[in-house]
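Two complexes, one shared chain (chain A), two partners (chain B, chain C).
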Partner chain A sequence: MERHACNGWIERWQARLLGAATLLVATLVLTITLILVVGAAKFLQSRGWRIQVLLGAHWNPLAGHFEIGLFIVDTIIVTALAMALTLPFGLGVAVFGAYVAGWRERAALRWLLTIFAAVPSVAMGWWGLAVVVPSVRRIFGGPGFSLLAAGAVLAVMLLPTFSLLALEVLDKVPEDWHQASLALGASEDQNLLQMALKVSLPGLKTAFLSAVARAMGETVAVQMVIGGAVYGFHGVLGPGATLTTQILTDMAILPLGHPAHGVLDLMALILLVALMLLTTWAQRGDDRP
Partner chain B sequence: MNIRHLLVILGFLLYPAAGAAPRPSATITVAGATSLLPYARSVIQQWSEAHPSTRVALTGGGSVGGWYALRLGRADIALSDIPFSPGAAFAERPIGKMPVFLVVNSAAGISNLTMGAIRRVWRGQVRRWDQLGGGDIAVRLVVRQGGSGARHVVEARVGAPPPDVLQIVQLSNGAVVRTVSETPGAIGYVEGDRPWPGVVICRIDGRPYRRGGPWPLYALPRLYVSHAAGPAVWSLSRALASSQRKMAFGIVPVAQPGFGG
Partner chain C sequence: MVAIAMERVSVWYGRVKALNDVSLEVQPGSVLALIGPSGCGKSTLLRVLNRLIERTPSARVAGRVLVDGRDILAPDVDLALLRRRVGMIFQRPVSFPFSIFDNVAYGPRLHGMKNPHQLRQVVEASLKQAALWDEVRGKLRRPAHGLSGGQQQRLALARALAVNPEIILMDEPTSALDPGSAARIEELVVQLKGRYTVLIVTHNLQQAARVSDFTGFLDRGQLIELGETSLIFTAPRDRRTEAYLTGQFE
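Here is the complex of A and B:
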């Protein structure tokens, strides 16, 4: 196609600007990663590369104890709790939206989930303080501030994201396939379980892993309800701290320039690597035919 | 997109730079203890009216964060309620003293504690309030994060809780009060002589707090500034150290030693 001279000049500049923006983003990501790697490496070197830093549970930065194993365990537990609560509900909402709801209900559901997904995490934290923490205290006893409360708040936060993604995936199954499956004698349930969910599995895996990534990175809402305990494991009904909440808590006493600031870099790097691995795994699932 | 669109966007981008308002010629950064931020904000607002050519940036970060920011040249004034050794390079100026209160959930049935009883609670030797004449309910400790001035004051007097004592950590006075008011049997501490709704403010050794009077738990907020700081920084430091607004923020004035610049 022939370009108008003026438009061609503008388009060339547009292409350069867009390229520069992409380069800037890539540079930012690499720079942040590099800063974390250097900070974490310096910190680990200062600790003699001891594995105890990653596996131990003695955290008292003001007294020079920097073992982050407990935060890694709590992060895994809170994420697992959140996903265990989100998965059945989210999948149920997606199946309802894709196969049960009429077009008006489906449009309303999408609108509702989109609005719900946009609720800021601090608002979810307030909701957690007002509803989830007292409920956990009333039902299970204990202080209420707990890994379970954090997992429940996270589950509610992840529900719209996971449901929307899963709904998109289920919507992509061609109508012809449903007709063919039913024509071969499959019941509605068999059609859903044996055909639709099976062919959607790679996409659902991507939706699931995206939700896991968000769960691992969430900070403020979790910090408001988890209780922040750094000594010992008190069970899912007791308080704890995840990697992100502890970074938030101790940023003030380990500021940039502090000799031990590197431990926060290490905690952030662990999260970053975990999220990179999850994302890579999710994309591999997505690429599969 | 055509050239007209580009020019409109450029115009919007450049518009603020062409504004007629005078631009501040200098910036002072104040950082540190979050408990002092409301007071500092109020003083800075008043000081800025008399010094329109100087912009003041106020940020929290906690006492330790403010101190490090000052040492690393990222802040001009550090606010702290934890004492640091200023050495030869920095000057220290007291701001006043702030009472630290023990706040208790009403279900605990406790309104007075001796220092000895507080120590036993903090050490985990008292696990239920009925051991101290209160209700039949478990003790729940609500504490501030490491580096908090209130935590420093309390632990300096009664010691740190051992690891086996379950603690709920909160990041602000407001969060502590809310948690204590909603958690049956909870006890925590807050800094500042202000109304704290929904909780019982505990008398200590039978004495209620009277403004400025004897009290076993006082934090001593102070500010630090570099000896090499410019006149504007020293001027703001003097305002922060000696403003008459302290009482409105629960800070009791103390005698001010000479403060040069």
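Here is the complex of A and C:
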């Protein structure tokens, strides 16, 4: 009896502590969002809620011009470039790991990808500075610091995580299904394209969207190779700035308390909302039948 | 001509010998039941016939296997063609996470059938042959995973029939099913007799007795005896067969 009573007491407190922890997390998320929303709203109000803030490309904080359209466009372009490069390579690596490699090669591959995934972004940026930027300059001309360089560095950063996720997804296709498919006369290619990849699509979509979210949110590595140009669009081979890198660049000249600090809140809020939507969408794709 | 002839076929998994010098012949249109204790090599024997055994990296096959007089172990054999002619049903019903229609159409599509009208016809005919048509007609676009286990096994049969095989291998096709569903599969096996050559592996001796024309008894990789089902069950020649049939085995 006494033990039961004691357990009940402990369990009640456990439940309360766990509940409190959950509440804390929820409060944090809400508070962060709220602060950004309030900051962004104040800023937009000071600009008379003009849509030009989002669509325009005139950015000169010291002169009072705050139009962030260029950063949104650059963010989209850099992310798209990164995904276009990562997708074929990552899928290739995943298919190799799941279906071609023997168990020894597969273990080595997993180990390598896991290590690779843990490389800090500043190291990737440094590598980008040393290798990617000069390569872009040599091959395509121009300054080298460019959206393309940023996309390439990002692609290399995303590759291990995306490959690992995709490999897990392909690995989950039951052996029964492979055998049933092959027993009907499917070649290995047909089995891959018409069965395995097809049934893995929801999982691969999740892996893809997670990679997109990571690409949009990455800051330091991109900042190191993108060139930071804020006056006008210079094309894929020219320098630019994304939402993340521009927050990094301008947080010093628009500190808290500055009347235009809110524009940074607005940029952060846009990123936050975009990533929330992406993540939600990604998880929805994961409900396999 | 015999449908299948195995000549001194042995299979090793690594160093373990799973089939030992098995020779047998199967008459076209007949049903051969393979019985024997677990691990005796029954499933291995089936997997040699469509060369699915090659999915097991450690497996090695020796001997000759003739299907319609041609050696299917030869390196230049067209695997896709072989597996079209030799269909297979597994112990656990396998449905792809597609619609009922796409499950049945999977095989024909692999082999290049694109015409939607033709596909519909094949799907309908196969589902009718597998006695599933009445239950799924008008619901062909629904996911196959919504079907019951017994229905899924009949769907697997329809999918195998859709590529128009000559031989159907069944690896314990009813052991994961309830008795009612199992009985329906048995009925189907009897109906398939004559048009298809069927090899069925089963642990259910009554089932072997009910559906098969011939029965083979395997023990520890060896084919102990093979003969007409009525004879095997009433007057087995080998002591070990008798022991197994009377339950003094395992």
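As a convention for this text, the second predicted complex is superposed on the first by the 273 of 289 C-alpha atoms of A that agree within 3 Å, B and C clash if a C-alpha of one lies under 4 Å from a C-alpha of the other, contacts with A are read in each partner's own complex, and residues count from 1 in each chain.
Rule of thumb we're sticking to: contacts are C-beta pairs under 8 Å (C-beta built on N, C-alpha and C of every residue); 3 or more make two chains touch, one makes a residue touch a chain.
The shown structure was predicted, so the numbers you read here are calculated from the model rather than taken from an experiment.
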Since both structures carry chain A, what do chain B and chain C do when superposed there: clash or fit? fit
Which partner does A:W111 reach: the first (chain B), the second (chain C), both, or neither? neither
Which of the two partners, first being chain B and second being chain C, lies in contact with A:Q179: first, second, both, or neither? second
Just checking: does A:M195 make contact with chain B only, chain C only, both, or neither of them? Give me first, second, both or neither. second
After the superposition on A, what does A:S187 contact: first (chain B), second (chain C), both or neither? second
Taking CA centres, what is the chain B/chain A/chain C angle in steps of 10 degrees? 160
If you tally the residues of chain A touched by each partner, is the higher count for chain B or for chain C? B
In the superposed model, how near does chain B get to chain C, counting Cα atoms only, in Å? 43
List the residues on chain B that touch chain A in their complex, please. 1-3, 6, 60-62, 64-65, 68-69, 71-72, 74, 140, 145-147, 163-164, 166-171, 175, 178-179, 182-184, 186
Within the complex, chain B is touched by chain A residues 6-7, 10, 14, 60-62, 129, 133-134, 137, 143-145, 223-224, 227-232, 234, 238-239, 241, 248-253, 255-258
Help me check something: in the complex, which residues belonging to chain A touch chain C? 102, 176-187, 190, 194-195, 198-199, 288-289
Mind listing the chain C positions that touch chain A in their complex? 50, 52, 55, 57, 79-84, 87-88, 90, 92, 94, 96-98, 106-107, 109-111, 143, 145, 156, 159-160, 163
